[in-house]
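First chain A sits with chain B, and in the next complex the same chain sits with chain C.
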Partner chain A sequence: MKRVYADEKWCIGCHLCEYNCAFANSGCDDMVKALKDKEIRPRICVEDRDKITYAVSCRHCEDPICVKSCISGALQKHDGMITIDQDKCIGCLTCILVCPYGAVSENGTGVVQKCELCLENSCGEPACVKGCPNRALIYEERGES
Partner chain B sequence: MKNYVIIGNGVAAAGCIEGIRSVDKESKITVVSAENYPVYCRPLISYYLEEKTTLEKMNYRPADFYDVNGCEVVYGKNAVSVNKDEKKVVLDDGNEIAYDALCVASGSSPFVPPFAGLDTVENKFSFMTIDDTLALEKAINKDSKVLIVGAGLIGLKCAEGIVEKVSEITVCDLANRVLSSILDNECAEIMQKHLEKNGIKFMLSDSVDKFDGNRAEMKSGKIVDFDVLVLAVGVRANTSLVKDIGGDVNRGIIVDDKMQTTVCGIYAAGDCSEGNDISVGQKRVLAILPNAYIGGNCAGINMAGGNSEFSNAVPMNSIGFFGLHSMTAGSYYTEEEGGELYEEKTDTGIKRLYMKDGILTGYIIIGDIARAGIYTSLVREKTPLDGINMDLLKKNPSLAIFSPEISRKKVEGVI
Partner chain C sequence: MSVEFIYPEFEVVRNKDRCIACRVCERQCANEVHKYDKDRGVLISDESKCVDCQRCVSLCPTRALKIIKSDCTLKENANWKNDTIKEIYKQANSGGVLLSSMGNPNPLPVYWDKILINASQVTNPPIDPLREPMETRVFLGKKNEKVTRDENGNLKCKLPPQIELSMPVMFSAMSYGSISYNAHESLARAATELGILYNTGEGGLHEDFYCYGENTIVQVASGRFGVHKDYLEAGRAVEIKMGQGAKPGIGGHLPGTKIVGDVSRTRMIPEGSDAISPAPHHDIYSIEDLRQLVFSLKEATEYKKPVIVKVAAVHNIAAIASGIARSGADIIAIDGFRGGTGAAPTRIRDNVGIPIELALASVDQRLRDEGIRNNVSLVVGGSIRSASDVVKAIALGADACYVATAALLALGCHLCRTCQTGKCNWGIATQRPDLVKRLNPNVGSERLVRLMTAWKHEIKELMGGMGINSIEALRGNRLMLRGVGLNTRELAILGISHAGE
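Then we have the complex of A and B:
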């Protein structure tokens, strides 16, 4: 399965992936309207370790503890991708309690959000990867079992 | 072809079914369900009363779950005994079901202490099942005064679920604090204040001495008048099926890391079972949903001839009330026990990291819970802290706490 991988060698820490993620998942077709004067809640997060930067988003684990731990059955694995049914989610945040990558977050309306590879929104491919100016994010298959 | 039988139809059973089917797609699975519902999300019953979910959305799996997985579900029946020599489960209607591998996922039952005069209380409820919930829903109205006995997870979630629908809620508990199983005094106080702000009254270090109709006389001598009583004192693991045939049972049914009981061919998982809590190195009942699924799944894989171990169970809870969330995991060792504490307080919350012998053994966070799973993973994996950037760890959970090699693997590799 294709996943999003980060390459810290090329990441310049511009945080564009976070903005592109928030925009792609806003349901809005105008980036300014979607993001201006708003607290953005991206599903990808740029981290900084001794000035080395890299982006972290859902790893779509082969054995996902978030799905196993979800108390509402809202997190599911479909064809390798971990999806969240926000209508079923009740915001207990058990997924945030267990995700070893810190890749699930609150969406501000009482439920959680996570990377769904932009396959569930109108973007169709990961907006973070598409908009990365230095190809520090890669969307590809790696070491499939 | 084998005959798999699962006693119980909760989340551990669902995990078991999915575990079996990951190995064996053909053999028959029979599920004995005491409740007349397909597997549902038990912890959501309070959210149902709060109208944050519906009975339909509370289904844990899609409607065709049992069909797709080739399961026969026997609804409304209890397993009363297991004949381990003939490998049969005996039901309360006298029917017998033969098994080659059996999983006991019988859950737990509300524990009701022998309060004097309890039989004089007409409107009394437990809060464990959909049926309990529907009965409670019918009994309350905007004028109801509700007394909840037990300030643990079940009692407080119940309080949150109905506070908008009733006139008054009093919660009493023998313990000196709320959520005593997961929070220490100071953290519990933060949560209690928040609950009080939202209309819940407390009588702690106090319990009911006796009931007389709709009146409770407390041990302290105080009187509480109520219309509806909810008993949420605690739960007891349903262990008798295994105990009766000589299997090892403590508070729960003893299982090893493969979820096997001490009786050949019989596994156990979920709230009825007692496995290793690696944060204390002892067997404990860890009655939480993630462990129920993971344990059930592990049992299912092994029942079907696969190889699975559940060897990193720890207590862990994410629980919020009226928008204030708390997350806890592992064990909290005091200084006297050789533990070391890092603490950070904010206006609205607290973070406590408990360390001992070079690992993070547990933590409590109230308030800013973002990315707390990174802390939980350190507890579950017993990650040595000598390779961890402790300044970053204390500040905020992130992958930057790990060495460059390890954090790189996490974002560049298939997990």
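Then we have the complex of A and C:
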């Protein structure tokens, strides 16, 4: 399965991936309209400390602990990708507690959100990868299931 | 404000309706122009620090930024131009020599733009490069004067060492130190993929890049930085740098702040010490001395590698080239006055040297007149900006061209001409690790390959139009060129006719 891989070596810490993510998942066709004067809630997060930066988003684990912990069945694994059905989510936030990568977050309305590789929005391919100015994010098949 | 105040050259225009305060401008500007005001939730800018490198403009996701030239003006004066006056102020403030980077930006004549290329019509057919084979391969090095045979009548095929290039372009010398590790890696990988050569410049060769040796020219300059036997043996050719187009007659000075870590090790000088290249080679004061160095290098590399002698285009370049052609050098590289630099005194960069077009034409003619043109190949640089410049240079007599500024542009350079500050936001002319990593060689080398591939297509198109299917048949073919708006003296030096003749 194709996944988003971060290459710390080339991450320049610009945080553009976060903004592209928030825009792609906004349902809006204009970035300004989508993001201006708003607190953004991206599904990818740039870890930034001591001049080391890299972006973290859902790893789509082979054996996802978030799915196991989900008591409502909102988190599911489909063809390798972990998806969230926000209608089913009851906001217990257990998944946020258990995710070792901190890749699940609350979306501001009491339910959780996570990276779905932009396959569920109109972008069609990961917006973070597409907008990365230094190819520090790569979307590819690396032989993992 | 005080008498020392100089109004900023640029203004940062931020479209508040578009700015989403993502702060990418703030994070990307090494000059610290942009700042986020938490209280108001807006970005503010200090345009006095802006060098117009366009990094923020390029990365702003909502196109909310533009940089414009300030229109704050001094009273107009054709003699005392704004820039001239400001330079006086700067020097009155600093007491120092003005420094600049990249090539001479002044409106002096660009002869390439006054030369036009021929095309076939009716009586001689043009060739379609998409349908018929086109040869852009060139070989650089000393050529035999005539065909010779041994006692059995067999051809003597032994040639002095040659460099094979897939197209008549090479990346010219930029030292590791003046440009970053990632810039070097991009050039080395691109040259290898393209089947051309890049040039280490005078800063030695990083051990990681020895694997690209077959596509590397190793340079020996007056500072002899990083020169040792393995280095000489690593390259495909050795270049002696006598001069540089941007700063003929002076040496180089890489400040100690850039001599860090690997740069220090590669140059074989202590960390933090200034790397000073003397103006002359202290062992070269004549053509005979030059010959000694040429043969020392040949001896060291067992006569397997061609030796290039690079000089800046200066007034009596034809006589100088004639001397070099007799010194045993295999290739002469001439760098015109528009050539770039990582730092040079402004007065030198803008006022010393001559245009490469005139230098090339006079050198080629002189070597032909003296019957020694086959002793050497000619490589020219100093602002070769496009495939048509390459074609014109070949037709004027060059064997190949050196490009550097165009290559840097492909890597992201926006020609802000402040390399000397070491804060290149594009990760090219800097050694700051956080800035160097902004140039990913995977991206950089791809872009270089694409640029050169595009030029190669264009060179073939231009050649095909002239009905020429081999670049070798174009070399020195000045009948393919015509001048426009040039006087008879200029035409005579270029050895071309005026358009309409």
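Annotations
FYI, the second predicted complex is superposed on the first by the 142 of 145 C-alpha atoms of A that agree within 3 Å, B and C clash if a C-alpha of one lies under 4 Å from a C-alpha of the other, contacts with A are read in each partner's own complex, and residues count from 1 in each chain.
Rule of thumb we're sticking to: a contact is a pair of C-beta atoms (placed from the backbone, for glycine too) under 8 Å apart; a residue touches a chain by one contact, two chains touch by 3 or more.
All values reported here derive from a predicted model rather than from experimental measurement.
Upon superposition of the two complexes on chain A, no clash is found between chain B and chain C, which fit side by side.
When the shared chain is aligned, chain C comes close enough to touch A:C14, but chain B does not. Look at A:L35: by the touch rule set out above, it reaches chain C but stays clear of chain B.
Judged by the touch definition given at the top, the superposed model places A:G143 against chain B, while chain C stays out of reach.
Of the two partners, chain B and chain C, it is B that touches more residues of chain A.
Once both structures are overlaid on their shared chain A, chain B and chain C have a minimum Cα-Cα separation of 16 Å.
In the superposition on chain A, no chain A position is in contact with chain B in one complex as well as with chain C in the other. Touching chain C in their complex are the following residues of chain A: 9-16, 19-20, 23, 31-32, 35-37, 51, 131, 133-136. Chain C makes touch with chain A in their complex at residues 17-24, 27-28, 41, 58-59, 61-62, 433-434, 437-440, 442-443.
Residues 3, 5-8, 45, 47-49, 52, 54-56, 59-62, 65, 68-69, 71-73, 87-88, 90-102, 104-106, 110, 142-145 of chain A are the ones touching chain B in the complex.
Across the complex, chain B meets chain A through its residues 15, 41, 43-44, 47, 52-53, 57-61, 289-290, 293-294, 297, 316-320, 325, 327, 329, 369-374, 376-377, 389, 392, 397-400, 404, 407-408, 410-415.
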